[in-house]
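As written, the chain order gives the labels A, B, C and D, with residue 1 at the start of each chain.
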Amino acid sequence: MTSSETLTLNLLLLALGGFGVGAAGAVLAACRPGVSRWAGHVGALVGAMAAFALGVAGLAGGTLDVAIPALLPVGGFSLGMDRLSAFFVLVIATAAIPSAIYAIAYTRAYEGRSSLAGMGLGFNAFLAGMVLVALARNVLTFLVMWEAMSLASYFLVMTEAEHRETQYAGWLYLVTTHAGFACLLIGFLLMAQGTGTMNLGEWRAASAALSDPVRHAVFVLLALGFGAKAGVVPLHIWLPKAHPAAPSHVSALMSGVMIKLGVYGLIRIGFDWLGVGVSWWGGAVLVVAAVSAVLGVLYALVEQDLKCLLAYSSVENIGIILLGVGAGMLFQSYHLDALASLALVASLYHTLNHAVFKPLLFMGAGAVVHATGTRNMEEMGGLIKRMPQTAACFLVGSVAIAALPPFNGFISEWLMFQSLLLSFQISATGINLLFALSIAALALTSGLAAACFVKAFGITFLALPRSEQAERAHEAPWAMRGTMAMSAVACLALGMAPVGLLRLLTVTAADLTGTDADVRFNWNGIVANDAFAVVSPLWIAVALVSLLALVPIVLRIIGANGGRRAYETWGCGRALQTARFEYTGTAFANPFKRVFGLLYRPVKELDIQFHPESRLFVETIAYRNETRSIFEEVLYGPISRLVQRGAQRARIVQSGSVHLYLLYIFVALVVLLALAG
Amino acid sequence: MVAELFPKLVTLLSFTVLGAAFLLIVRRDLAGQVRLFAVQSLTLAVLAAVIAAFTRSIELAGVAAALALLKVVVIPRVLTRAVAKIGLQPAALPYLGTPATLVVCGGLVTIAFYVMAPVAASNPLPTAEAIPIAFAGVLIGFFVMINRRRALTQILGFLMLENSIFLLALLATYGVPFIVEMGVFLDVLVAVLIMEVFIYRIKENFDSIEVDRLGRLKG
Amino acid sequence: MITKIAIETIQLLIVGLGAPLLVGLVRRVKARLQGRRGAGVLQPYADLRKLLAKEAVVSETTSWIFRFTPYLLVATMLLSALLVPLLTTRTPLGFLGNIIVLMYLFLLGTFFLALAGLDAGSAFGGMGSSREMAVAALAEPTVMIAIFAMALRVGNTELDEIVRRGATDSLLLLTPGHLLAFLAFFIVALAETGRLPVDNPATHLELTMIHEAMVLEYSGRYLMLIEWAAGMKLLIFLALLSNLFFPWGVALTVTPAAVAVACVALVLKVGALAVGIAMLETAVAKLRLFRLPALLSGSFALALLAVVSFLFVK
Amino acid sequence: MRALLRKIWTTPVVAEPLAPADDDRQIEAMARQVDARAQRLFGRSLHIREVDAGSCNGCELEIGALNNPYYDLERFGMHFVASPRHADCLLVTGPVTRNMADPLKRTYDATPDPKIVVAVGDCARDCGIFAGGYGVVGPVSAIVPVDVVVGGCPPTPQLILAGILAALDRRGTFQRIHPTDGPIA
């Protein structure tokens, strides 16, 4: 064992130890909620920091090889680490560190309401499960950890199980995640049978032996399984329900990293396990990604529930990430490996970025929900005066997720655009058109995302408070603000100085495709494909800030009037200025609702009650303007009815007679013996 | 230089013809549609003249002149008179809205390019690269005839279709023989006149020129 | 080094000082077309100077975002002025970013302006923000597809390089895809800069406003900055249109004579486009808000056709 | 569009030129004065917000006429704006009714300094024929400080221009305001 392996092994043990101690501490101190809260989350923090170090070590070239045959049947418990695994461990840790600190303060509100021991246990198990999924090197290890991660997050979603919607969300989550699990199980078994090995690391070499139909079947099954976890449209329906139902620090992790493990799986099947794929695989991923990105942000735009909005925006960001994955797969099948690497770099960059700003936004939303007691944006407003620091952090997150310079989302989207634009190097007209449409989809997504976060920030934080709770809101505790500030600084750092990370990502991508990415970079800028496109994030930021400073100075020199008088908002001389005159979130989204009416199928109802004596006096006006989800109505409605009918039929076999049950077993045994013989 | 410029110019003019077809889709008022048709025909005549000059063909120059006379002057006059006689009509919306129509026509252009690109590649003439454009015009003309409710707009769709076919012949073989072309022109003129009479009939009988109402004629 | 500084300074001066002149020119031509005499072309300078001398009345409801936005808008426009190839194909600060960076800088300004519109808590401001974001979002795909068309044509997305290719290969300008991309980009420019038929810059009716509704709350120096920035945005868009699609006169080498010619050419081209816009604004009416998607989808179709034609008609 | 452009081409500029030898000497002389004064006081840029405080709309018709090609207010660097925040001058019409008294005050307060107020029409001066009506509070000067009153029922556009000029005269002292309170930002 080399010294680097010792280091990584120690870091892994430290991480798992941290999670283990955290879980144990939380459970042992169950009767002292305060202690349990600290123990659970400090343990998680230590573990996450160790995992961060492990990820960095892995990206720097460290490897890991752990095999404990006795722990699990069929191949045993086996862990390993290549750069891709290390990168995802890093992503997990990046989101977990702020979440854990935030949770220490945030979960205080749950004392006496929910079991903090359960939360501590679930949180640590969730983190450990995710880290081990990324490191798993054996089918059974992978599946067991995948299930552990899913179950732990399910229990965390159910923290506030007393609400009906939470129960529904939990149920939906459980069903879809297990449907996905079933797909994964079948896919893995087919793969293991075809290649003759349960070791994930050997699949790439062995996949050549697979017959074509099996390869396609494995791809489809695994893509469905991982896609369901990633929350791509139309497998996304659980996501906007389950993520908001969980406590905010857990939502941050679920949206920030758990769904990324779906991306991890898709990258593995697209670039590693199945070798170089056929072109329709990449095309399919590209189409699904484009649809997810556009629909995700469209649904986010009309959402009034702040956390739901963020959850839908996760669907959008997964779409953006997968655009890169799909494009990379297509490039690879056309033997443009350097471009494939570029697309993959863009994807991975966006993965990390999303793991920074989405938790930031969820933590901000948590602080707001904590302060106002509601998730409905229509009851917020004016919070920038009451919680200025939270507002500033949330603004940074919003600008970053809207992919605007000089923050990190901009860099990854810029890279993504370049890799898509460079698709003109493929000389197949149909593919070119497909890329043109996905460029349009990405552009539409970025425009809509900007609109969506203008709404999210503007309605939540600006203007006058729309409810009494918002009026009385107060700034979040320092620990929560501190973690948000930390994430905000990370957004800026990753946006202004992408060099270090890019260096690691290009190596990671090169490991998968075998060729260096078609991109050069240094502190002065990033150059894609030999001067095809240039950007200089650092200098843009510097120039922007200096111009910003310059303008007021020049104004003062030329003698501008510096007077400022505060007066009420101009409302055409109206006597009363209340929050009722403000534009609401619903109104803000209305133009989009009309333009994309085909997708939203808005339901409008206007109900006016007149005064009994005169129609000139109105007693009440009720206006309802809701959107319906086509997916739930058109796609899942029939499926669930079908399943229900099937279940009704299947009830016949459940007779209650022990003799009959024994007969079933006996028949099954005989059939199996006959087949085996 | 001329040899280089010529194909570019042909392609550009062909695209203008197609562009006029696109504008016709967007345009709502009948008089504007008729004027657009005149513009399209004029572009076509110019294109024919350019090709005539390049190939030094007197026949083709004659065709260009005849085309200019017939489709830029005569037929628009006839149609404008028809528009004036019918008077103002309540707006009849096409079956598909403008954005949807644009999407469909965009798709038709793509299909036309996809189908005709090999044909264009195998044709040795310098004008060949514009063949897909002409074919796209044919498809769009067809679609306009399907999509519009008014009899007059359908005539315009037909005329556009005819223009595109002429363009196709021009690009692929530098035009069909003079005598054939003249025959076609005559046919078109007669067709337009007959259809005009029909429009008046429909208008008198139904007080509308929406073709849907013809369904009432069923026994 | 000195030439580089000189070029960037000239660019800044052209954009910063030329913007009011451009706005004045458009207004003057429009007035003349309406049978009026109109204010002189220098009127916007007087307006801006007067606004600087006035106090600013700021709503009590607003936060720092309201006051920060005008400065940010001006800063983004000045930064854009530094990286756009106005005069030469060797713009010294061109390395800051390509055309996509430029579009995102504009979007950054729009983002904050929309927030500022919401900040005062007035219904007008919110309405303006919502509409502005809708128009911006729907225009975005056209921009990117037009960029893709250009990438297909010249194999590059660097502004300098696109202009250089256009200037050296004059036959390229005759290709249909080029003109289609120009039309698409032109419609987008109208939408992004709030001109008719998308938005009426001279309207007094709050209910029909887009851009104006967002800035109803601004006064004094803040209003001056916003109007100046709006003028600069118009100028940058027109300069982009003229240099990307009609790169006549752009200096390929950096010599004083060539740069002088480029200056004159730029003034002529932008002036011609401004007169064109004034004529268009006289001839067309503002589109109803919910007819805008038809216009923008039309521009999208044009851009897509440009891509198709570059793919098939080489 | 072609027809429209032809029409534009054949229609001359109908705005009265500033040169003498025009039949309507009164407006022209005044307009010249406005031109010179406005230049000195507001740097040849004056933005006007119109407030209807209860007028019968007769004055509004005349004010509207200022915008037409004949009077063409814009050539003097003046134009009407949509918000008092953008305005330098309030043009108030009508006897101030009860419902409009408060909005008028608020509009005045919402206008940044320096600003001028011109009351237009007999009603704005002394409530005209509406004086003593139960819904009328009083003339404009009872609510906000007025710089100039333009009489007439309704006043002609020339007179309104003259009024703006006079107002500029009386407020001649605030030509240039220097930074007084607070830093720029």
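Quick note on the criterion: contacts are C-beta pairs under 8 Å (C-beta built on N, C-alpha and C of every residue); 3 or more make two chains touch, one makes a residue touch a chain.
Please read these numbers as outputs of a predicted model, since none were measured by experiment.
When chain pairs are compared by their number of contacting C-beta pairs, A-C comes first.
A simple rule picks the central chain: find each chain's mean C-alpha point, then take the one closest to the mean of all protein C-alpha atoms, which gives C.
Between the CA-based centres of chain A and chain D the separation comes to 58 Å, rounded to the whole angstrom. Per-chain CA centroids place chain B at a distance of 36 Å from chain C.
Rounded to whole angstrom units, the spacing between the C-alpha centres of chain A and chain B is 52. We define each chain's centre as the mean of its Cα atoms; on that basis chain C and chain D are separated by 33 Å.
Each of the following residues of chain C touches two or more other chains: 53-57, 216-217, 220-221, 293, 304, 308, 311-312. Chain D has residues 83, 85, 110, 112-113, 177, 184-185 in contact with two or more other chains.
Each of the following residues of chain B touches two or more other chains: 110, 114, 117. On the side of chain A, the complex with chain C involves touching residues 381-382, 384-385, 391, 395, 399, 402-405, 410, 414, 417-418, 421-422, 424, 429, 432-433, 435-436, 439-444, 446-448, 450-451, 453-455, 457-459, 462-464, 524-525, 531-536, 539-540, 543-544, 547-548, 550-552, 555, 558-571, 577, 579, 581-584, 587-592, 594-595. By the touch criterion stated above, chain C contacts chain D in their complex at residues 27, 31-40, 43, 46-47, 49-50, 53-57, 67, 203-206, 209, 212, 216-221, 223, 279, 282-283. Here chain B touches chain C in the complex through residues 4-5, 8-9, 11-12, 14-15, 22, 26, 97-99, 102-103, 105-106, 109-110, 113-114, 117, 129-130, 132-133, going by the rule given at the top.
Per the touch definition, chain D reaches chain A in the complex via residues 83-85, 100, 102-104, 106-107, 109-110, 112-113, 177-185. For chain C in complex with chain B, the touching residues are 171, 174-176, 179-180, 293-294, 297-298, 301, 304-305, 308-309, 311-314.
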